[in-house]
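Same chain, two partners: subunit A is paired with subunit B first, then with subunit C.
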Partner chain A sequence: MSDALLAVTNLRTVFRTDRGVVEAVRGVSFELAAGETLGLVGESGCGKSVTAMSLTRLLREPPATILPGSSVRFRGEELLDASPARLRRIRGAGIGMIFQEPMTSLNPVLRIGDQVAEAIREHAGGDRGAVRARVIELLGRVGLPEPAERYSAYPHQLSGGMRQRVMIAIALAGGPDLLVADEPTTALDVTIQAQILDLLADLQRELGMALLLISHDLAVVSQVADRVAVMYAGRIVEQGRVPGLFRAPGHPYTRGLLRALPRLDTPPGPLPAIPGRVPDPRERLAGCPFAPRCPEVMSRCETDDPPAFPTGTGTARCWLREGEA
Partner chain B sequence: MNADVPLVRAVGLVKRYASGRATSRRGHEVVAVDGVDLAVPSGLTTALVGESGSGKSTLGRLLLALEPPTAGRVEYRGVDLADMGAAALRAFRRRAQVVFQDPFGSLNPRMTAGAMLREALTVHGIAAGAGARRRAEGLLERVGLTADAVDRYPHEFSGGQRQRVGIARALSVEPEFIVLDEPVSALDVSVQAQILNLLRELQRESGLTYLFVSHDLGVVRNLADRIVVMHEGRIAEQGPADRVLSAPEADYTRRLLAAVPRIP
Partner chain C sequence: MSEASPARSSPASPWAIARRRFLGHWQAMLGLAVLIVLGLLSLLSPLIAPLDPSVDLANRLQAPSAANWLGTDDAGYDMFRLLLAGSRVSLLIGFLSVGIAITLGTVVGAVAGYAGGRADALLMRIVDLFLSVPRLVLLITAVALLRPSIALIVIVLGLTGWMGVARLVRGQVLAVREREHVLAARALGYRPLRILFRHILPNVLTPVIVAATLGIGNAILAEAALSYLGLGVQPPDTSWGLIIFSGQDRMLDAWWITAFPGILIALTVMAFNLVGDGLRDALDPRHAQ
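Let's turn to the complex of A and B:
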């Protein structure tokens, strides 16, 4: 067994719907070391958010089911066997989470200070004065100006960036070893996004937390992560270190995404788009899921599902990488 | 027409709103657009960039006469929109179209793509009956869909296909000027590239003039000939795209560029 902080092995999450079984996560495996930042990237429907929600069983079951054979070990403990009470304890004190839209996660009729205080009390005792002091310290730590005055503010009185800072304070209240951030800056303006990403990186360094950053945005992930995992059709098709993965992507999908992305440092002109579309998640897959859109497809790709082969910076599930590294 | 006259021009444009926010004092006003002078040259793409609250979307609506300005004027081919009679305004509303981030956001989910296009064609007296249907099929093919898309409903399209239908609807009335308001912001990277390529092709084929409202500077770099940077209701800077991005003059533009995450 590895000594990783988080070890996810063959995670499979399905949804039973009226129109059949949707295989959202089709065998995802990755590890995260203490203090490390892993970026999980992919386009809509690739299964990155469902993967994150599966870690601490945040999905409604049913309709979701995490299939037998899946494993999520956190500090050596199997979370998929944990009791609901144990999971509640781990959420917050072990694994903190923040999401894209802080407005829907914050209670609109409660003062923000009281919401942070509630999160502190769930994990630690202390008299009112001590909790209040800790709230103000946390709000200050996440960069909320005048935290003592803002204690009594309501969510609607704050900007989107400030609300996201409050959500981060709540996620940190239990002193987690791992912070899972699902599209934390997607709803924010670019200058505010830069501030929040800096804040996450600072906190992570200072507190020694591991960070699992989930995003559709390759550039955002490339700024923050030590390693990146690229998801496609419910699985990780490539993992690798930054910047190596961006400079020499090992999977044709990663390469296609990077080339299709309009950037400030590439000249104007037609973009090499990826033809076709992602497979229907209700479909059974034979062979490589990217084969129908792959510019380098070979006949075996259509029948044989490639395992993860080593690349210069990580691994890629692509037959082109067989025997290369 | 005089070649020196821009297709669209804004002079001293101001838009103020009475603030509806519960937290603000009575009689408080929000200045969304605060004295904007702008020329949109014909046949090119002018990008309007800025963050939320910069006034870029309001400016787009003012240029389309979807809202009246508080002060200043908008000219189309040198004619003040406020001076146009009913017939001229109707002609303007046909020549100037808009594509939103989600074109189906405000639409009847029980209307097929074909019905939507036929409605636009009929309202503007361009085609009716079987002619309108054939024309709708042709438009959908032009934006990269198949003709059988005419009988499909909004929920049957993916996000990228929906945006193609939105573009087809804008094109249906043979416009000269299209305001593209964050048209690819909701799309995945691979689909975004397809739509940007489509917009570029359509412009080359038909000489369309675009006003491209966007917060994404990478996307703007890909498509824009000129860039107008908005900040707090005013123009912080404007100029040729290359110059604005490589040698920004305004502090705000520099800040904005510095905040863009870059791939190593």
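Let's turn to the complex of A and C:
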């Protein structure tokens, strides 16, 4: 038994479609301690969002199915066996979520203050005046200027960054122990990105929340995360602490991602890309899923799937790391 | 077109914007004016122009004149007063039957769209079933089996008019439920009914309002057709369709008995359609032009 706040073990989520079974998440395991920030990175379609949505079973089932043998324990409680009513208590009050698109993640026909108030009433309750005061306090806490005046604004009257702040306020309303932020800054321009990341880091410290930050952007993750998990083709191929993982990546995929980052100290020109493409998630894979694109591929990679080997800062699923560390 | 600035101070709700656009739509304003005049006359008619219930045979079949603006029918009733009395019934049937149709259609469509799966398939087959029976045949059957009354006509028109709304709402709900704000609401642990009625339905209401407005015109026409066939409103109640029915034998020598209710029906239905189109343009700007 571990005392982790969140422990995900062998999570496997598939989608049954007309064109076959899509294995979106193929055995993901990770832990998150209270107050810790874990960055989950990977390219589009690697299963990051499906992993996040599987935690509180937000995916529509069907078409999604979380396969037996998967486990998501939150504060020691198995969520995959929880009743719908119990899951609703966890959502918002235990695990809060914010999403990528601040333009669409607020209800366009309701005033923003009422949307925050609704979340407060759902999980904390209180009389009219107390709820209103709490709404204004939360809106102020997430850095919305003139929160009392903005209470009755509609989403379309706010900029993208302000809307994302409102979303964060709503997610905080239930007092969650874990905040899952799925690409929270992807739709924002760079200066706003930095502000929102700072805000998330501040709130996380101040409220003692754990933060699961999902992003395709290594730069974003490196700014706030304590640890990073790199996903590829529906599984975590490497995890480790920051900055060790960035200094000495243990998996060729992580190395490829880091090499593809633009740097100020090298002359402009085409960035080194990782050749090949992500495997079709409908394929059954033998061996290491990264083998077809790996510059250091060995013959056993094509037949045997590597387990997680310890690296200097964490673990990597790569035969190169066998017997190291 | 100007970008909405983030710090705009005037709290312009989506409704305020739509209202401004609606008020600037002259065809809709014309239709609305007609409906307001008609509605006021209809509501106030017992005070300003009550119908004398006694038959006045000495005064029957009078052409329009200063004493009887729109003439009299073959029982000697003043046509103007008769038409106002009929308008109360025709409009009442229009509003109530559409109220039933909209409520039923919205609930069925919303549940089908949100629940999906087997519930959706079942509800939509019921819609197909209702749609496959011609409305008038169903109406005539129902009225033939039961005693015709205003309540029966309202119910039957309501029960045969909801399928279009159900399909409309289902389609809209299917689109809206995939929006991120609905996912956000689910991630907050809200109950399915709260999500459906607070976070999805208000986002699909605008086309429903338009459909309702257009539906009232249709319901008035259906009632007129039914009453014209003698299967609708029964005396001593009266409606526009019934007045036309009562005057059809005298169309050549007393044209005013059929012409005026006919004109009134056309005018009213057109007014509802103009207002409906105006609402659509105001509420769904993508539709305009």
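One rule holds in what follows: the second predicted complex is superposed on the first by the 323 of 325 C-alpha atoms of A that agree within 3 Å, B and C clash if a C-alpha of one lies under 4 Å from a C-alpha of the other, contacts with A are read in each partner's own complex, and residues count from 1 in each chain.
Following the convention adopted for this analysis, contacts are C-beta pairs under 8 Å (C-beta built on N, C-alpha and C of every residue); 3 or more make two chains touch, one makes a residue touch a chain.
All values derive from a computational prediction rather than experimental measurement.
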Partner chain in contact with A:101 - subunit B first, subunit C second, else both or neither: second
Contacts of A:147 with subunit B and subunit C, given as first, second, both or neither: neither
Subunit B versus subunit C as contact partner of A:39, first or second or both or neither: neither
Touching partner for A:119 - first (subunit B), second (subunit C), both, neither: second
First (subunit B), second (subunit C), both or neither touched by A:157: both
Which of subunit B and subunit C A:217 touches, first, second, both or neither: first
Touched partner set for A:90, first subunit B, second subunit C, both or neither: second
Touched partner set for A:262, first subunit B, second subunit C, both or neither: first
Partner chain in contact with A:249 - subunit B first, subunit C second, else both or neither: neither
Set of subunit A residues, in rising order, touched by both subunit B and subunit C: 156-157
For the subunit B and subunit A complex, residues of the former touching the latter: 23, 51-52, 158-160, 188-194, 196-197, 200, 215-219, 221-224, 241, 245, 255-264
For the subunit A and subunit B complex, residues of the former touching the latter: 43-44, 156-157, 160, 189-194, 197, 216-220, 222-223, 242-243, 246-247, 256-258, 260-266, 268-274, 277
Contact footprint of subunit C on subunit A as seen in their complex: 56, 58, 60, 62, 87-93, 96-101, 104-110, 118-119, 122-123, 152-154, 156-159, 162, 167, 170-171, 173-174
Complex interface listing, subunit C residues touching subunit A: 4, 6, 8, 11-14, 116-117, 179-181, 183-191, 198-199, 202-203
